[in-house]
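First chain A sits with chain B, and in the next complex the same chain sits with chain C.
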Partner chain A sequence: MTAFILRRSTQSIIVLFIMSLLVFSGVNLVGDPVEMLINPEADQAEVERVIKELGLDKPITEQYWYFLMNAFKGDLGTSFIFGEPALKLIVQRMPATIELALFSLFISLIFAIPLGIYAGLKPESKISKTIMAGSILGFSMPTFWVGIIFIMFFAVYLGWLPSTGRGEIGSFLGVKSSLFTLDGLSHIFLPALNLALFKLSSVIRLTRAGTREIIHQDYIKFARAKGVAESRVINVHLLKNILIPIVTIIGLEFGSLIAFSTVTETVFAWPGMGKLIIDSIYNLDRPVIVAYLMIIVIFFVFLNLLVDILYTLLDPRVRIQGSN
Partner chain B sequence: MLNTDSNSKIINVFMYKFWSDFSESKVAVISLLILIAIVLIAIFAPLISPSDPYDLSKVSIMDSRLPPMAKNFAGDIFILGTDGAGRDMLSAIFYGLRVSLGVGVMSAIFALIIGTIFGISAAFFGGKYETFIMRIVDIQLSFPSILMALIILAAFGKGIEKTIIALVLVQWAYYARTARAAALVERSKEYAEAAQCLALGNKKIMFNHILPNCMPSLIVVGTLQTAHAISLEATLSFLGLGLPITEPSLGLLIGNGFQYMHTGDFWISIFPGVALLITIVSINLVGDQLRDMYNPRLKK
Partner chain C sequence: MNILNRILIIMIGCVLSSMAVAKDLTVGLKSEPSSIDPHYHNLGPNNSLSAHIFDTLVGSDENQQHYPNLAVTWKPINDTTWEFKLRKGVKWHDGSDFTADDVVFTSKRAANVPKSPSGFGTYLKGKTFVKIDSHTIHIKTEKPYPLMPNDLSTVKIISKKYGEGASTSDYNSGKAAIGTGPYKFVEWVPGDKIVLKANPNYHGALKGKPAFNKVLFKPIKTGPARIAALLAGDVDLIDSVPPLDVARLKKNASLTLTSGPSNRVIYIHLDQFRENSPYIKAIGGGEIKNPLMDVRIRKAISLAINRDAMVAKVMEGIALKAGQLLPAGFHGVSPNMKPDPYDTKAAKKLMADAGYGNGFEMTIHGPNDRYINDAKIVEALAQMLSRIGIKTKVETMPKSVYFKRASAGGPNKSPEFSFMLLGWGAGSGEASSPLRALLHTYDKSIGMGRANRGRHSDPAVDKIIQQALSTVNADARGKLLAEATEIAVGKNYGVIPIHYQMNTWAAKSSLSYQPRTDEYTLVMGISNN
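And now, the complex of A and B:
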């Protein structure tokens, strides 16, 4: 197990290294780094100071070294627009995005798993067919458009829920989140539901497929034969086994929730890092774009690593295979 | 050698078999019909649109934001209303379908070609080359497509060809994975061995012998990925990062309507979205049926 984690971590570090090389060459080859990383409104002295600071007057191999070192130190340039370190801007907005992603993950799981199990247990029933048809619809609906519909219906037409911003932020056990105030909850509900809808369909389909496969396994038949109550068969024997693919998917889906939150945050003016990156692309605020890129790469590499490790912990079969 | 007559007979038999399998699902047939109608609308948009929404001499700002079925002073009826610049929404949607479908199909075809070449050659040559290609594919697929596309467009800027490039770069990996998986199975079959024994060139074996047998799975992935490409392009254009104003796709139309949303002018955003949704759903349903048809586990 330790060997597996070590090997897998080494792989992640290699991927991180390659990605940093890609981002670096992206900055250097696609555009002129002087132009990309230094505010176009800066005067000559300022430009020269930043060139020195970022090591842009050095040969390219040394420049990469500087870039890596600066990244390690957490210095990825200063935003043109806000005049603050790019990294700080992103870290400030990260809690809002993670809170939104977690809440929508929660929404999609509490609906998707029961619906998926039902559709898998009774594949021929009318309700199951409706669930599956609905999941194709949910799969096909572009997130941003559903967001607009939500705003029109719930915020403009019915006037029930607010459509922009994060609302009041409460504090609980030192954690600050809008989930802890009523106002915050009313603000997070629409964007989270919007983000969840997209994931709902894929988790429903996965749960259904898993259920249909597992329900015919010998251990389920055996459990039934020995007279285990049907509710226990489903809640223990079945659920434990469909959780394996679902955990993997949750890990990966959490990543894609973070990615898709760029869209939802823009529609609902949610002050997270997704909205920040879109605004930065508009404003050509390149240090922020580069910093976001590095952070998101690190985030995804670690997420994948975590999923792989969790997967081996959950499924002994993978563990045995991995140790060979 | 087969003569052309029996060749066309084989094709007829094949088509008959294909259609009888396909038409087992009524939903899929209806979706296909809707899809054909949408494609025809997109192709003939200039002929069937009530007005040319981008002819500045005909569009009047006086007609802006009229609700559906409204009449202007000249007595023209706007079935789906007008947008902020006074353009007829129905015509704008017809023209928008053209752009959206064009970009989606074009990027799907390029991605299919590039992905297939890498996928089949990876399966065929194996070894380090295969490991290298498939590692790239794995790494790329671990990042969500929307993020990849955002990054690429942030680097290149917006534009129709840049959007297509971004969509191709995002999607080739799906095709490469599918092509490799299919080609690995085909490569070990007897006909491929026979071709190798005949000392045919590598290119010939890969593309004349193995490729045609990989087509079914590639077509299935291609259909579903086209829907994905259309949706992704719409999202990017909505965010203002995809197509420029001069190429008004459905996503851009929805984005234009977004600013009027709080005033309750729902039709400017809703109708292009409905058109987009119908397009994507019908492609997905057709793709679903194709997948079921070519899934050996579901064969009777």
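And now, the complex of A and C:
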């Protein structure tokens, strides 16, 4: 196991390095940040001061070298727009995004797995067909549009839930999150549901497919023949076996929930990392874009590792290479 | 008993004073400021927010007319010195006194904020601030400098006590964000909210005492979400209502919409410095001499633009036809200039006279996320031009790519495009701002023509602009600026104005917003219906 983790870490560092090279050269090809940032009325002298201030007067190779040197010290550059360390900006907004992702994952799992199993067990029933048709809608409707419809219906028409922003922040066991207040929960519900919709649909389909396959396996038949209660057959024999593909998908999707929840965050003005990255791209805040993508790479590498380890716990047949 | 009485009186006093300003307000903003530091980033959203917390010496009202703010009077006392008398009895938010020392300190800091992506150096260079007494300042320049009040209407005065050694982070955290303005800074959660509270000791130069007890600004970037937040009652006021929604929202009795012209003109810059322009070809694709060098072609293009249709159809009626660089009412605007009529016959004749009777091919460029409906305007222009025989192709792109190419995408960092859509907001609120930036000959050494992306050049215009910039008498200067505009725009067609952008604010029906030409959203501009 240790050897496996070590090897993965070395690989990650190489990935990180290649990624930094690609991203850094990529963002530096596009546009001119000074044109974006400066007041149009500023004169040429002011423009030159800003170019120098941002370090853009130096050749790109030198800029990259500085970036690498600083990155080793844990400094991923300073935002052109905010004048604060890019890492600080990202970390500041991380809790909002993580709580949104967790809550939407929670919504999608508590609905998707029971619904998927039901649709798998009784594929011919009307309810199952409705579930499956609904799931097609779920991942074919654009997030942006659904978000606006949610706001119009739940916030404007019914007036049940707030339309925008993050609610009050509470504290529980030293962790600060808007999940711990009623106001916070009312704010998070719509964006989380919006974000969950796509995932909900794909997990339903995945669960159904797994159920259909496993329900005909010999060990299920044997368990039933042995007289094991149906609830135990489903909750233990079936559930444990369909979880493997679901865990893979959830692992990867959780990463993408966090990294690319930009659309939902923009529609609901959710103060998370997704909104930060999209604003940074619009305004050519290069250091933030680079730092963000670096963090996301690390994040994905870590998630994949976690998924691999979870496998071994769920399925004893899977052995991580190098663990013996 | 005596003590109890006093406590009772204080308590009643508190209740009464809180009743006077008991209301809270939530505002949904399209763009979030990047800092609370008033000198860090000289850009609309930042300047708008900091105007609540800090004051300038010279105030700038909703039409960008000056009013006494921290300075009560200002006048030139000789060719190179301006005297500013400061308001007495003004207190900082912490209770200390505002004096000339704060002004002198501000003049040193404002242009030198570390990491600032757009500072105030342009407005402060060449000026020496001298304290005469605790409430008098002399500002000396090398040459006569008439735009002193305009320049000083942009720079927020900060407290010396809190500003010394303070970084931008100290302002963002609130430690140094001590101003003299109508609202005090409470908290900024980036991406989420900015919280202000009333300053009961405000000197009242702008609309008297603050009308709201607590003000919450929420950044909501997308238009539909901003409108939904207003309809749901989560915010009380929003800015930048998209033109497409204005007609529908006006019918809603629970809202008040107000629109007003801005200081921003939407115009076309045309390549006037290359014999062969990269995006212009003869019909069929051969090389031709750049037709835009010929003033007759530029005039023909202006006549081919149906500005009425542009305003009515593309802008949904939320714009004003433009014939010069600023709408009527601003200083330096010519009373004689009207928007060109729509006259394709005359335009075709001009094309033929210039030797381009068969037309030519041209690719026209514009941004698609910078000005209101920018991409649609470019598409409409293309259709209008094809009616006089100019075969056009349209290319629009995000501003992050567009402006670099428009300014310096060509060889030797020259402007790349042949024909491009742009906008100019006159931050100074008078005509010298667009004239010196867009129509004066491009000259790095004197800081002129920085945004002259067509490289229009007429020595006669340059001379008048420079003369205006050293004429202290306001009326004489206004006449010179109008004259420069008449030649550069009216005669030379150095740029072709299309329309003045209008901005729309929407509030719940009990409130209404006084539109501002500088596009700022100021809580002080909200009144009760």
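The rule is short, and it goes like this: the second predicted complex is superposed on the first by the 256 of 324 C-alpha atoms of A that agree within 3 Å, B and C clash if a C-alpha of one lies under 4 Å from a C-alpha of the other, contacts with A are read in each partner's own complex, and residues count from 1 in each chain.
One rule holds in what follows: contacts are C-beta pairs under 8 Å (C-beta built on N, C-alpha and C of every residue); 3 or more make two chains touch, one makes a residue touch a chain.
These figures come from a predicted structure and were not determined experimentally.
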>> Contact-wise, after the overlay, does A:Asp218 reach chain B, chain C, both or neither (first, second, both, neither)?
In response: neither
>> With both complexes superposed on chain A, which partner does A:Arg166 reach: first (chain B), second (chain C), both or neither?
In response: second
>> Contact-wise, after the overlay, does A:Ile148 reach chain B, chain C, both or neither (first, second, both, neither)?
In response: both
>> Output check: A:Ile277 vs chain B and chain C. Expected answer is one of first, second, both, neither. What do you get?
In response: first
>> For A:Glu124, using the defined touch cut-off, is the partner it touches chain B, chain C, both, or neither? Pick first, second, both or neither.
In response: neither
>> Per the contact definition in the header, classify A:Val156: touching chain B only (first), chain C only (second), both, or neither.
In response: both
> Between chain B (first) and chain C (second), which, if any, makes contact with A:Asn304: first, second, both or neither?
Replying inline: first
>> If you tally the residues of chain A touched by each partner, is the higher count for chain B or for chain C?
In response: C
>> Per the definitions at the top, what is the overlap between the chain A residues touching chain B and those touching chain C?
In response: 30-31, 148, 151-152, 156, 163, 266-267, 281-282
> Taking the complex as given, what residues does chain A use to touch chain C?
Replying inline: 30-47, 49-50, 53-54, 78, 80-84, 89, 92-93, 96, 147-148, 151-152, 155-156, 159, 162-166, 266-269, 271-272, 275-276, 279, 281-284
> Can you list the chain C residues touching chain A in their complex?
Replying inline: 28, 34-35, 40-43, 114-119, 121-122, 125, 168-169, 172, 189-193, 218-222, 224-225, 228-229, 231-235, 369, 398-401, 403-404, 407-408, 424-425, 427-428, 433, 437, 444, 447, 450-451
>> Considering only the defined contacts, which chain A positions touch chain B in the complex?
In response: 15, 18, 26, 30-31, 136-137, 139-145, 148-149, 151-152, 156-157, 163, 252, 255-256, 259-260, 262-263, 266-267, 277-278, 281-282, 289, 293, 296, 300, 304
>> Can you tell me which positions in chain B touch chain A when the two form their complex?
In response: 139, 142-144, 146-147, 150-151, 153-156, 227, 231, 234-235, 238-241, 251, 254, 257-258, 261-262, 264, 266, 269-270, 273, 276-277, 280-281, 284-285, 288
